[in-house]
Amino acid sequence: MNDTASGHKPLGRSGMAARAARDIPEGWYVNLGIGVPTLIANHIPPEREVVLHSENGILGMGPAPEPHKENPWLVNASTQRVSLRTGASFVHHADSFAIVRGGHLDLCVLGGFQVAENGDLANWAQSATEAGRQIGGAMDLAVGAKRVWVTMEHTTKDGRARILRRCTYPLTAAACVSRVYTSLAVLDVTPKGFVVIDIIPGLSFEELQARTEAELHRE
Amino acid sequence: MNDTASGHKPLGRSGMAARAARDIPEGWYVNLGIGVPTLIANHIPPEREVVLHSENGILGMGPAPEPHKENPWLVNASTQRVSLRTGASFVHHADSFAIVRGGHLDLCVLGGFQVAENGDLANWAQSATEAGRQIGGAMDLAVGAKRVWVTMEHTTKDGRARILRRCTYPLTAAACVSRVYTSLAVLDVTPKGFVVIDIIPGLSFEELQARTEAELHRE
Amino acid sequence: MIDKFVRSMAEAMNGIRDGSTVLIAGFGDVGAPNALLDGLIEQGATDLTLVVNSAGRVHKPGDPTTGVARLVELGRVRKVITSFIRATSIAGEAVRDGRMTAEVVPQGTLAERIRAAGAGVPAFFTPTGAGTLIAEGKEAREYNGRPCILELALPGDVALVDAWMADRWGNLVFRDSSRNFNPIMAMAGQLTIVQTHHICDLGQLSANEIVTPGIFVDRVLHVAAGDPQLPR
Amino acid sequence: MIDKFVRSMAEAMNGIRDGSTVLIAGFGDVGAPNALLDGLIEQGATDLTLVVNSAGRVHKPGDPTTGVARLVELGRVRKVITSFIRATSIAGEAVRDGRMTAEVVPQGTLAERIRAAGAGVPAFFTPTGAGTLIAEGKEAREYNGRPCILELALPGDVALVDAWMADRWGNLVFRDSSRNFNPIMAMAGQLTIVQTHHICDLGQLSANEIVTPGIFVDRVLHVAAGDPQLPR
């Protein structure tokens, strides 16, 4: 993961998750999407009461269960076995999405393919004609939560930008993202575009801009 | 209540309720409206399992409680204290009306001011400009239940017809009634209009027609 | 630590503004947040729109006026949205005399509009009310051969809720038929305030039995409200 | 005496017709009516439209094909309505090869459309999907400054449901996160068929704990289905 040219070390999946977890305060109701967002749960200290929501009707999800305490009837939105926090509750799927769509979540964190400077998000398909379509609950979450954060690699594996002036992939939702946690930086989506609020050590603003299609602004 | 001119005895409130109760088979889910319909419950034998629904979120209502078994937290749609049958359940108000509006009730029985030969029902106001408006759940029930029966006096106290070609009062719902139990007869609403399926003893078809504005048909 | 319990009625009512739309749960006296209504009367917010299943019971002369009727009597209510209002009630008289307006809504449409607000559905079609006075001014459309009308979500700035038991996360259960409008109004309130008859430790309510999850609840006040009363 | 228990799979499946729309509950394997799906495969109805949260898991060569994938493999499925279908799944391949069509729907819209069918709401507006491929061909309208699209109710001729415990009235409770689509699909099925892990006497489920009242249930089959499996 070392970017030897500039001497900085991009955050890995766990590093991005940990960085995002720092910014989630006690008392928030939060949905963590599939992938890196799911890892965020591991970085929220147990004593900080953050109530995790899962699309399949759980409020108050806990961490992965200890091996001898697995409950096959209790899975998260990725169908991984999970545990419950004290205070948890179950609802059915329509009520679960009433929570999402009714604006009751303080935050959802989603994975992303692309984010545009107007907050547009693309995270479910790379073209309009893909045979598989894996929308899941992303469109509902992107539209419904009070805040939408995205965690993703700052660029694609072959170095193309994901932080864009306009998304080129099919949208998940328009103008929904408020913040992006990438492997290189934390960016706020503002009326003037992307504002850089954090860069990993060893990387300059200019070096970050060079890896970004959209124009970046200083805080 | 004796109609001395023709020697017949109109059914009273309890008589109408008993007559309607006869026609409700085991296994039906039924909502009984305020007034005479509520009395129907007293005429369904306890061993016949009819599941009574109440708008405020009860399925499986039982009869009025014995005096020492009253539960102040358990009332019917008229806010009278009731009991529960074994097997009863509670739902919230939106789910209760999902039951009504989603077509899940086999039957609702409503009181009526007027019923027209096309099945139109008027049962909530006598003019469009009344100060009070007491709709309650009647419009939902009239539209949503699989069958709508009406129990009412055959004529008004001053002898005006209630079984009409067209309703003159504001409608509760259009073309919703399938059967009417009056103090004098049982009428089915059919594509050709009202069909008489039962008359109280001592009253002829012609005498019934004389008390009815709409044209009556023999079975 | 999440703690939604408030220690006083003043704290429960804090910040309710003039002009608010207030959702008031209950069916008759069962599940009605009467203590919170007393608190709202005391708190002073005015120019209110009240959403309540029944806005006007008959008022017997000599009985103290309480709840919705009292707010109406005090001139604090601009409008009621309700399924039931009697001409002879205090609310009915206020409407007749032009001191207040009333929007009368079929009870199922009322419940569905409230639930829609909580669920993020801004508008929906329903056959209820089509072809009646209720349809006046509303968009009409046929589905499956049945005439339908368009109804709008009905959110509240404030929801007043009565629970049987609550924990510090605001998880709620209701007793018997007191459930009625409480869960859906809790969903639809921007600020949902709960009076609860009993409190319990977190975890005492099982995950499967909780009816209203705390996510819908902002404040919980423990009150000794007693049993619901029958109408006189 | 009301008795919704059926004694055989044949009785449970009786009358399901070719061309039916079948709602299939479950999220992954949790709350999935797998025994009833086996029964449907055996029963033979074809030209089906399946409504199921996830239509296509990856299929490992050598594993037996079951459930939705098996129905697809047998050519019995005309269309799936789903929130999730993988290109590399048996269902995904059937779509690619033109043997089946797929309508892919946001998961919350899917749930809300099913609930709407059960609640008698023929259509509703939602902001989910506005401005995306999902909005193509749909009526659009703004509410509160947000673009919305019109979505239609999604009823089933048949709903296949998995319950934890049931009584002879068809009252149901669910275990933990197996609740998911089961209660709303029970509401939306014209013929709702339940497999239950346990049965109990009427009255053993308390009125306050019942999640799905029997009014939404037509048939209940007691099966020894075992615990849900993790995906391989």
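Order of writing sets the labels: A, B, C and D. Residues in every chain begin at 1.
We take it that a residue touches a chain if its C-beta (ideal position, glycine included) is under 8 Å from a C-beta of that chain, and two chains touch if they have at least 3 such contacts.
Just so we're on the same page, UniProt names per chain: A, B = 3-oxoacid CoA-transferase subunit B; C, D = 3-oxoacid CoA-transferase subunit A.
As the structure is a prediction and not an experimental result, all values here were calculated from the model.
Asker: Identify the chains in contact with chain A as well as chain D, in label order.
Answerer: Both-contact set = C.
Asker: Identify the chains in contact with chain B as well as chain D, in label order.
Answerer: The shared contacts of chain B and chain D, listed by label, come to C.
Asker: B-C versus A-C: which interface comes out with more C-beta contact pairs?
Answerer: Here the pair linked by more C-beta pairs in contact is B-C.
Asker: Centroid of chain A to centroid of chain B, CA atoms only: how many Å?
Answerer: Here chain A and chain B have centroids separated by 56 Å.
Asker: How many angstrom lie between the centres of chain C and chain D, each centre taken as the mean Cα position?
Answerer: About 34 Å separates the centre of chain C from that of chain D.
Asker: If you average the CA atoms of chain B and of chain C, how many Å lie between those two points?
Answerer: Result: the chain centres lie 29 Å from each other.
Asker: What's the distance between the Cα centroids of chain A and chain C, rounded to whole Å?
Answerer: A distance of 36 Å separates the two centres.
Asker: Check each residue of chain C and list the ones that touch at least two other chains.
Answerer: Residues 112, 115, 119-121, 126-127, 174-176, 207-208 of chain C each touch two or more of the other chains.
Asker: Using the touch rule from the top of the page, what residues of chain B touch 2 or more other chains?
Answerer: Residues 90-91, 94, 97, 100-101, 144 of chain B touch two or more partner chains.
Asker: Which two-chain combinations touch?
Answerer: Chain-chain contacts present: A-C, A-D, B-C, B-D, C-D.
Asker: Tell me, which parts of chain C touch chain B in their complex?
Answerer: Spelled out, the residues of chain C in touch with chain B are 27-30, 53, 56, 83-89, 92, 95-96, 102, 104-109, 111-112, 114-115, 126-134, 147, 174-184, 211, 227-231.
Asker: Would you tell me which residues of chain D are touching chain B in their complex?
Answerer: Going by the criterion above, the answer is residues 1-2, 115, 117-121, 167, 169, 171, 187, 202-203, 205, 207-208, 210, 213-216.
Asker: Where on chain A is chain C touching in the complex?
Answerer: Those in contact with chain C are residues 26-27, 29, 49, 51, 53, 59-60, 84, 86-91, 94, 97-105, 144.
Asker: What does chain A use to touch chain D in their complex?
Answerer: Touching chain D: residues 54-58, 71-75, 79, 81, 90-94, 96-98, 100-101, 125, 128, 130-140, 143-144, 170-174 of chain A.
Asker: Contact residues on chain C for chain D in the complex?
Answerer: 112, 116, 119-127, 143-144, 146, 148, 173-176, 207-209
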